[in-house]
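Quick one: this structure, given as structure tokens, is what I'll be asking you about.
Chain lettering (A, B, C and D) follows the sequence in which the chains are written, and residue indices restart at 1 in each chain.
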Amino acid sequence: MSDVLLQAENVGIRFGGLQALEALNLTVRDKELCCIIGPNGAGKSTFLNLLTGTLRPTSGSVRFLGHDIAGLPLHRIARLGIARKFQIPSVFPSLSVEDNLKVARWGASSPVRPVGELLDLVALGNRAATLAGELAHGQKQWLEIGMALAIEPRLLLLDEPTAGMTPQETLATAEMLLRLKGEFSIVAVEHDIRFVRALNCETLVLHQGRRLRSGPFHDIETDEMVRDVYLGRR
Amino acid sequence: MISRRTILKSGGAAAAFAMVGAPSILRAADTVKVGLSIPITGLQAILGETLLNCYKLAAAELNAANGIGGRQIELFIEDNQTTTKGSIDKARKLINEDKVDVVMGTIISPERSATLSVTSKAKKLFFYPTNFEGGECNRYFVATGPIPMQQVDPMMPWVAENLGKTIYIMASDYAWPQKMTEAITAAYEKTGGKIIGADYYPFGTTDFGPAFQKIKSLKPDVVWSMVVGNDAVTQLKQYRSFDIKQPLIAPLDEVFNKDALPPGVAAGTYAPQPYWMALDNPVNKKFIASFREKFGQEKMVNGIGEAGYNGLHLYALAAEKAGSLRDDDVLKALPTIEFDAPQGKIRVDASNNHTLCHSYVGKAAADGIGYEIAKDFGTITPVTPYCKV
Amino acid sequence: MRPKACSPACANASQVLPDTMDFVVTTLLNALTLISILMLVGLGLAISFGLMNVTNLAHGEFVTVGAFAVYFVQSVGGSFWLGLLAAPIAGAVVGCILEFAIIRHLYSRPVSTVLATWGVSLILQQGLELTFGLGAKPVTPPIEGTLDLFFTVYPAYRLILIAIAMLTLLGVVLLISRTSFGLDIRTVIQNREMAEGVGINTRRTYAIAFTFGAAIAGLAGGLVAPLAIVLPQMGVNYLANAFFVVIVGGVGSIGGLVAGSVFVGGLTSVLNYQISPSLAQAIVLLAAIVAVRLRPNGLFNGASR
Amino acid sequence: MIARDRNWLVIFAVCVTLAIVYPFFADGYQLTVIRDALIFGLFAASLDFFWGRTGILCFGHAAFFGIGGYIMALTTLNDAIPLGSVLGILGAIAGAAFVAAIIGYFLFFGGIRGSYFTIVTLAMGVICQQAAVSWSSVTGGDSGLIGIPPIAFDLGGLHVDLSQDLPSYIFVAAIVAVVVLALWSISRGRWGMVLTAIQDNEVRVAALGHNAPLRLLATFVLSAAIAGLAGALYVCMAGLVAPDLSGLLLSTEVIVWVAVGGRGTLLGPVLGAIAIQRAQQTISSFNPSLWPLLLGCVFVIIVFVLPDGILSIYARLKSLFNGRRPAQ
């Protein structure tokens, strides 16, 4: 149990009369990589919001290193070691790439990686002085991953990190994450099966707010029911 | 040339002293420079216009009759924007850049205080025309308007006798009404009257309903309003709509009633003022006639304007008598002269530089603009425990 | 030293009961008057500030323009009622021009909107002063005198004002909930992109909504004209409180607007009787700040900024 | 970035030089005029530090100016307090900062941003002015407090007496230069960068572990403290403090100075304050009623024609010569 980083037990949330998520369980161990997939509207982002404490579950509990983090201010959660990459790339457009990473580093309680190393990690070494707002879409996504790395997280939550990327960029992103695997835990919420396939990790499949399947990705991929859901047959 | 003639003409010891003491002033100036700091824009613009016109009238009268010791009066008119900062900047400009011989004007207290802080430092004469709450005292500061005790002390026995024994006060929340309330309370209690309530409303109040509700439940004999400026308009409109029967004392005057109030709203209200247009004396008749000839037949004039007019005339008489424009010389001559003002004869008290002005209660006529004199208390000597110059 | 006001009950002990009823009813009506005005002025702000995210500091001038419309109509011999009809039209015209000339170019620059509308407010004030001359303008109420309401005697005109305000509010509610234009507005407010997607001309809808808010503020100006001072600078007296109504009440619903008006207007009226009015005003504004801290989305609803 | 920094320093150096040379050509009165304008320039810079760095407009900044002024006045007018001038200035800074801390806490941690902040601070200014008018036993009511002595103190052998025009001018000019330079260094370093990031995306900044509301609060408090300092200096130079020094009109004027001078440049607002005030007093001597109309037009024109203020004219001209579009 000691290496359990994040534990969601029996988590559910209602919005008014709508049961958005129901009885979900997820355990993330230290330095583990796992993925959450599901079609649009399955409740992936809502679940992520529960995991980061942005939303408070109406039933069940989410604990990070044994703490209940629901409702804590965002910066406190970050300082506990949870980094999050948002679905829409949210870099600081009026700052240069380098300054984006600097701002991210200053937020960390104990930054380790120098900015130069971060730039190389996310393949932006030659764009350091560019205004972040002028980057291409995929580069913005990488920069954001770099910013998440800068705060030296214990857990990195990625919300559709490859949304809007070209296939090549998607693969490059997967490689980037695989390189980082083993440094900290990663939870990736994805829509794009190719990306998850490249990561080949423990996977939780959501459908209509419930767990559909969970297990290693190659098992999931061959599952009939998952295929049906993804192909819209169910 | 003119300055030499002045000296020759006025002659005497004072002029000789002036020549020795301040030759540069007399040689430098061909005119007497009067600096006017007037709220031409901002909240007090209505009253500012009348005040400015009164100064223009006084200057024109003096210039038509030999000026001051033969020297023409030149007005330096500045808009202080009814603000502290504007008043400071303009007072400094008048004194340092225009090098005026005297500063006059301003209406509300912040303008006056700001101007005074500059003039007192520069030791420059400053004539203030508006009803003055008192409290400020400076050797070079001359008040030609009344302080609360001059208006209130003689009036309260009359109020107790003619209007009633209990008063409810509603006022704007600032110094003048607060000081007035103190003076009213003191003078009224001597006559056995009682202040049964007082409420002070912030500037910009749009609903005085709660005050009228209090009037209805407290049932005072008299309501004394010291809600001033723009808020007075709101207050009077609402006072009428609540149909309150008690007599109302309100610090209104002819200019304000005509330019700001709906017709008839002020009808029947009482006001203490040192001057009314209705005063029946030849000086006043001539004053009003020349004012209207110059600025328009429908124009009204009020106590503030008249006090400004008096101020310039008092200055001219004193300077003439002193034979000098040096502030100290004029100041020395000032208490020794007397001016036949529209309100009656006035002079400045040597002990505090306040003016011995008249005190009248006016009652607004049915049109709500003009006033009839309800009572004349004669000339009242200003008593100022806070001030000895 | 201020003499303490005697409490209403001690004025005449034998009359306590009727006096109390009188007191309650009058206080209620005083509060209602204030609430009505705040609501009408706030309505336009709720649309522009709350929904379109436009901080229009010239909103107070719509009130001024409405009041001047009544004055103008009366001064050329028209009746008050004709003036009251002209007031919202005048407000709408000024609002429409303002939206067309300035605000629509600045939807993406909120801070610039603040500056530009403040500038416009100065220009309008000075323009009115140059046109109509210095000083307050007289407006006579359509009826003088008071009405006996059994418990209390209350100025008749104020009762009319309250009635008109309530009817206007009802009309607005119906307009928003029952007409296709109301549907457009609601759609645009919910999601501008989506509204554009389904073919609503959002530019036009914004312009009309803004103009509509200006018209209601103009009406408010017309209604207060016989009651309060009519002056080019009068608008600012209503502006800050109306903003507070919207902030406290929360944006996005008529309910929030009513809640905000009741909070600000009601508290002001009740406090005015208890403590010094200056202090009352400060307390109401401070209470509003605290309320915003505790209920950032408004007293009434959960719509987010 | 580097080029922009160099530009700024060049303009700063030119301004400092002009300020040093000016006393050789000006008489005492002209010195006092520029001295007071500089104090209001400091006030404008204080607003710019907050508004320019956070993008949030404070519409009641004069409240802090006024609070500083009143604290200075009350301290120096009380003979029982030793070292009145020094304690007065410190008290003015602390008092303004304290009030800003309380108001800012409620607003920033309550999630109030943007226009909402603007409106609430507008009301704060109104309350402050009304409080200054009504609470006359302390504040002297609407006429304010007069007779505030000029700054004078002996501190550790350092004898300062600012009753004369030239020393007071030098003192004020030095303070303005130092503060503006300090604010500029702060705002281009870590602090300023984080604030820029907050302006871009506050949620993101918080998700990186920054306490964004606290950053904003600290900026607001520092900005208010400098406004308090400016207020304290002004009342000593003017000799009085009055309620309208904390009022809506001054709050509005300072916004114009910043907008005209160029938001976010710190130096621009100082120049804007001097230029506009001189223009205002000159124009009002010719035609008083023209001024408010002109002011309104200036607002509208700035927004549409010169959104970056007069200081940006220099950059624009430069890029015109180089044949490039100005960097935005």
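Note that in this section contacts are C-beta pairs under 8 Å (C-beta built on N, C-alpha and C of every residue); 3 or more make two chains touch, one makes a residue touch a chain.
Just so it is clear, the structure is predicted and the values come from calculations on it, not from any experiment.
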| item | value |
| --- | --- |
| Path length in steps (a step moves to a chain that is touched) from chain A to chain B | 2 |
| Identity of the chain that, by mean CA position, is farthest from chain A | B |
| Chain whose Cα centroid lies nearest the overall Cα centroid | D |
| Which of B-D and A-D has more C-beta contact pairs | B-D |
| Distance from chain D to chain A - Cα centre to Cα centre, in angstrom | 44 |
| Chain B-chain C separation of Cα centroids, rounded to whole Å | 38 |
| Chain A and chain C: spacing of chain centres that average the CA atoms, whole Å | 48 |
| For chain B, residues contacting two or more additional chains | 173, 178, 200, 202 |
| Touching two or more other chains - residue numbers and ranges from chain D | 130, 133-134, 289, 292 |
| Overlap residues in chain C, where contacts from two or more other chains coincide | 236, 276, 278, 281 |
| All touching chain pairs, where touch follows the definition stated at the start | A-D, B-C, B-D, C-D |
| Of all residues in chain B, those that touch chain C in their complex | 43, 45-46, 49, 169, 173, 178, 181-182, 185, 195-202, 204-207, 209-210, 213-214, 216-219, 230-231, 233-234, 237-238, 240-243, 259-263 |
| Complex contact set, residues of chain D against chain B | 28-29, 32-33, 36, 130, 133-134, 136, 140-144, 146-147, 238-240, 242-245, 249-250, 277, 281, 284-285, 288-289, 291-292 |
| Contact set on chain C toward chain B in their complex | 1-3, 5-6, 8, 11-12, 19, 22-23, 26-27, 29-30, 33-34, 37, 134-136, 138-141, 144-146, 153, 155, 157-158, 224, 226-231, 233-234, 236-238, 268-269, 272-273, 276-278, 281 |
| Complex contact set, residues of chain B against chain D | 40-41, 78-79, 81, 83-86, 88-90, 92-93, 96-97, 108-110, 112-114, 116-118, 121, 133, 135-136, 173-176, 178, 200, 202-203 |
| Residues on chain C engaged by chain D in the complex (per definition of touch) | 49, 53, 55, 102, 105-106, 109-112, 114-116, 118-123, 125-127, 129-130, 236, 240, 243-244, 247, 276, 278-279, 281-282, 285-286, 288-290, 292-294, 296, 305 |
